[in-house]
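Two complexes are shown next, each including chain A; its partner changes from chain B in the first to chain C in the second.
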Partner chain A sequence: MATRKKVLLKVIILGDSGVGKTSLMNQYVNKKFSNQYKATIGADFLTKEVIVDDRIVTMQIWDTAGQERFQSLGVAFYRGADCCVLVFDVTAPNTFKSLDSWRDEFLIQASPREPENFPFVLLGNKVDLEPRAISSKRAQQWCQSKNGIPYFETSAKEALNVEQAFQSIARNALTQQNQTVDLYNEFPDQIKLTNTTNRNSNGDSCAC
Partner chain B sequence: MASNCEVEPGAAPESALVTTDSYENFQQMSSSLEEIKNSNFTSSTQDEFLDNCNNIDSDLHVNCSTVSVSSQDEDYIRDEEWLGKSKHIFVLSSAGKPIYSRYGNEDRFASYFGIMQALVSFVQADDDSIRSMHAGDTKFVFLFREPLILVAVSKTEECTSQLTAQLNYVFNQIASMLTLSRLVKIYEQRRNYDLRRLLTGVERLIDHLLDFSEQEPAFTLGAVQCLPLTSSVRDAISSAIVQSCSKIKNLVFGILLANNQLITLVRMKKYCIHPHDLHLIFNLVQASESLKTAEIWTPLCLPRFDASGFLYGHVSYLAEDCQACLLLLTVERDAFFSLSEAKQRIVERLRRGNCLEAINESLNTKEETCVDIGFPELRHYLYKCKSTAQFHQPSMGAPYTINCKRLLDLYRRAHYRLHCPTRPLKLLFERTSEDALLAWDTRGFELYAILEPLTDTGNAIATVGRLLNWIKKREDKLFQLNAPTF
Partner chain C sequence: MMTSQVEDPIPRALASTPSSSTSGCLSGDDTSEDRLLPSSLAAEELQLALNKEAGEEELQKAISRCKELVLECDQCTPERKWLVRHLIELRLRLQECKEALEDPEHPRNKSSGVSNRTVRGHHLVLQPLLRSTSSRYCDHCTGAIWSVVQAWYQCDDCGYSCHHKCLSSILRECAHVTASERGGYELDICPELGLSSQKYMCAECKTNIPIDSTWSEARKCDYTGLYYCSACHWGSSAVIPARIIHNWDFGPQPVCQASLQLLRITATRPLINIEKLNPRLFTLVHELNLVRRLRNELNGMRKYLLVCRNANEDHLLWKSVDIPHLIDTPGLYSLQDLLDTFSAELPSKLHNIAHIFSQHIKVLCEVCKGRGHICEVCSNEEVLFPFDANAVTCTSCNAVFHKSCFSRKKNCPKCQRLQQRKEQEVLVNKNDDDE
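Right after this comes the complex of A and B.
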């Protein structure tokens, strides 16, 4: 019955409101882009199947609302993620400054086992727009300081680098899955009859 | 009627089965025998069975769109057949990762699982828990059992408590394959774990369990049915098992069953088995064709017996010419060969004592219908003896041979009326244009009788009285009245 080698990855997308999280997702999953801004309410769920190194991988993408009033949903959403995608707008310096707090918030709420090795991917979106406020170098530096997070400059509008970025996201998330220790081969706990019998010997109250 | 109350067919001073109140808390699991014992005395909270409708705060908005690279026909949102199923069952991790879906490939609607997780954890954030949502004729029933979330989406007539009970069975089925402690540990170590890796092959067992629990009144009653055998034959079978295993240490249970009916249950002193665990065993045996051709050694956790560890089971059919399945359950990991030898000795003893023939004869005898046994006004009945957690039913007669679903629905509804926590009934008599139903709950037994629609109250009571006497006369054949030990 070992035919199924399915993998499902939970991917969380975080970043300030308006940086283009939903647009990136829509471009990636639906190959569509709209200039109209519609705020995400709560969370949006999408599924996409990709092939990484000959493996079929299902990505369960959790597109969260950037607006602060939805932050209370955080704990529930971050739990058990395989990869976290941080998004900022290269033309809006504030969205870059927020990255630290998004990352910290995620690590606190999701509390992964090895926070320093948890896979993040950084996307600098809207590179089709001028003027540019955050240089590629500055973003790279931030990534270096965070244990070498992969960085992609994307444009959801022009479908630039989107496919590559998500491919990298899937690959990074997979490493997280592959590290899974072999939980099942540990010796399972044996039922100890003698102990329990002794413990119960003073009162034979089993309703048999 | 009061005098009949004391008849209590099938009652016995001791039972190998943990006796149950049907609406006990399904969630309790025992981590030690201490708790098993206590569970029979503590009355469990029943408020979980209240058909509460939880209103979801309107602050929660979740959008969902599923898109996959494959063709449109796998887009379940538009799949009429998938949408039309009368009961969906989903299992997911508390991180929202899919583990099981009764219908369809769960990868194709992974987004739905995200929504289910969001609903559960949103309510949880306020230290509350979501039990059910009701939309038109569809019920959404949620069960959160650390570390899993189970969801039923049902258009059937079953009430919330019955759906919750079914979800509990599914959880126990998963626990029985991994043990509860392992399950918890896995998610402590890896909250993002994709449990499907460990459950390959188990989906089939869950599929079967769901169908099984919808078709078998045993699940509604929390009881098991015995294969009719004269008490001398049953005793001979029990003692063949006891004698053949006399030198084997740490053997906890010896169970012989055939055709979803118990032949005998032998146990280690002081230990008894819960009907819910026995149902999982029945399910395993029925769902595994491969058992018929080989003897199998398998770890098996009985969650109500001990959720923290495995028992190890030697499972095999008695012989080519006798399709009864024997399970010898021990705590020893490496007792296969000694149990395999013991099984041979058991079969030899049974053969010498002509017990195999007796089992076959009972299996081949068509069970009598109510008409056959002289109750023309009675169509069908379920009799459960509470002290032994065993029940008996006659063969299905007209008109339910065609529509046995209606019969099971009637029983489920009546059972709920007798055990509904807000207003439990002792006695219920209902007549419709199609049938009459009498349900009766006493200290010793529960009886559900379906009668001809024109039967009046007096006749119904007289019939039921006669029926109880009839069962009483045959009790040593229809029930296992002793609880033999190794």
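Right after this comes the complex of A and C.
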């Protein structure tokens, strides 16, 4: 029954400034890349329709500002997110170090039902650049320590792995959404405390 | 049919024959005032370039002469100020002249004769004859301007009007220049010193004002607190800024022509900072307090609309706000704003704008809605905005909470978290170094 409904997946991209969040999104949605850096102000989103497991879903991808000075605008859009994408720059070790704080901050603001199982995806961007500061192994170790987050190495510039990464993001987001739906369905026999049922019993089957 | 005007009994600073003695004596009289033109500028040759449609060569010459004069005079003197002003004027003329040479359609080529003149900061434009039959009076000689037959000029900036023949003897400085020079209003209510301090002369034209005379009375200007002759003070009245600021008094008071022109052109400029001048007014005047609250709210909303692409596409800010300073600089009020507050027009106008804005931010726009905050303390699903009345913003991390929630907490939870993270980072770095 839920399959027939139009599905909207809300995806949030987080990471330090300049790691390529906007570029990744632009590459994925518009198939475009620009070398020019322009800081994102606040947050904005693009939408894209994708097919996941024979279902058409609309992805609402929220691109955020990594810079501290733009954080004064709120992050209410974290609420109701279906997947969070963490991005770091493989050539900049500091962007890797701050992943923890991005994750924590997201979990606090979004306050999902099960923080431990909330789907994150880690992207190590700019793999086209040399020299590398964060090895693939180190990133994978971090992912393991966080309950097995999927990890992708991407290049927004070369469009490397971007499609695959977002395909996985969409799938993870969809499972998350289905799970929350299931959660509500765990109580199929709802106890209705309405007057109508009461009146029936009052009228006919009175014990006295 | 030239009307015979009352001949001016006193010599003017810009008399057509500028003997060095007249101009020297006048400026010597008022060394403390910067109202008078410096003697060096009064020289015919300098004025010439602005009074005639001078050629490029003439203007170049005048510019270099003016530059020399600027270098000769002392720094920070009123004389230098006037010379620099003049220099800018000359350069603008030169630019105009060059443009006219290249473009045959230029208005300068079309009009015959002298159309623009610059005197004492006024940008006087020749008015077409037969334009209107409404009565108009010369700001200089107070005689009627018969626009059907008399050539007359009007200042583009301040509205000063005068006959062609009065051009060379204009005394009043352009209100536009006075306003930008002074920067703000006279803030004392009618700062009166008395006729004796003016040596029984009109504050503007220096005509003697005898006290015992029946035909020439001294007229007081409520704005400047000075006395004027009947030629400079026509008995017009205006609302006085200082009276509003201190007494919330909107009663029109008699003012001289110069003050009238000044108040008229500055009426819509945001020049009054009530927070600084008389903050108690907000507690005493309910409407003003309401206006302040609404303006601050709108200023908060403006920040959202400025960075919202949807609002930019719709030109929401441009469309809804006709007076930008109302929401750009919420602390400053123009004279007109205060008048509108008094008449209760402004609060309802601001209410309407606030409604349009909040409708966009909180209901219509997905992006703006997403940029709201969620109170961390109560974790309520309600989306909060910094401009909401029940919201409070942390001054150091900009996180937004419910006022009631925040007051229960001693410290901002986000700031605490940031602090903890920082400490942890230092520890980790230390361990890294040890290894």
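One rule holds in what follows: the second predicted complex is superposed on the first by the 172 of 208 C-alpha atoms of A that agree within 3 Å, B and C clash if a C-alpha of one lies under 4 Å from a C-alpha of the other, contacts with A are read in each partner's own complex, and residues count from 1 in each chain.
By our rule, a contact is a pair of C-beta atoms (placed from the backbone, for glycine too) under 8 Å apart; a residue touches a chain by one contact, two chains touch by 3 or more.
No experiment lies behind these values; they were computed from the predicted model shown.
Colleague: Check whether A:Q109 is in contact with chain B, with chain C, with both or with neither, and answer first, second, both or neither.
Modeller: So A:Q109 only meets chain C here.
Colleague: Thinking of the overlay built on chain A, is A:S101 touched by chain B (first), by chain C (second), by both, or by neither?
Modeller: Only chain C; A:S101 stays clear of chain B.
Colleague: For A:G42 in the superposed arrangement: first (chain B), second (chain C), both or neither?
Modeller: So A:G42 meets both chain B and chain C here.
Colleague: First (chain B), second (chain C), both or neither: which does A:W62 touch?
Modeller: Both chain B and chain C are touched by A:W62.
Colleague: Answer with first, second, both or neither: which of chain B and chain C does A:R79 touch in the superposed model?
Modeller: After superposing on A, A:R79 lies in contact with both chain B and chain C.
Colleague: More chain A residues touched by chain B or by chain C?
Modeller: B
Colleague: Under the stated touch criterion, which partner chain does A:Q141 make contact with: chain B (first), chain C (second), both, or neither?
Modeller: In the superposition, A:Q141 touches no partner, neither chain B nor chain C.
Colleague: Check chain A for residues that touch chain B in one structure and chain C in the other, and list them.
Modeller: 41-45, 62, 72-73, 75-77, 79
Colleague: Residues of chain A touching chain B in their complex?
Modeller: Touch list, chain A to chain B: 1-4, 6-8, 10, 29-30, 40-50, 58, 60, 62, 72-73, 75-77, 79-82, 110, 112-113, 176-177, 180-181, 183-184, 188-193, 196-197, 199-200, 203-208.
Colleague: Within the complex, which stretch of chain A touches chain C?
Modeller: Those residues of chain A that touch chain C are 41-45, 62, 71-79, 97, 101, 104-105, 108-109, 111.
Colleague: Over in the complex, which chain C residues touch chain A? Could you list them?
Modeller: Residue list for chain C touching chain A: 303-304, 307, 309, 366-367, 369-374, 376, 379, 381, 383-386, 398, 400, 417, 421, 425.
Colleague: Within their complex, state which residues of chain B touch chain A.
Modeller: These residues of chain B touch chain A: 14-16, 18-19, 32-34, 36-37, 40-41, 60-70, 93-98, 107-115, 117-118, 121-122, 124-125, 179, 181-182, 185-186, 189-194, 196, 198, 200-201, 250, 252, 268, 270-272, 299, 306, 308-311, 331, 333, 483.
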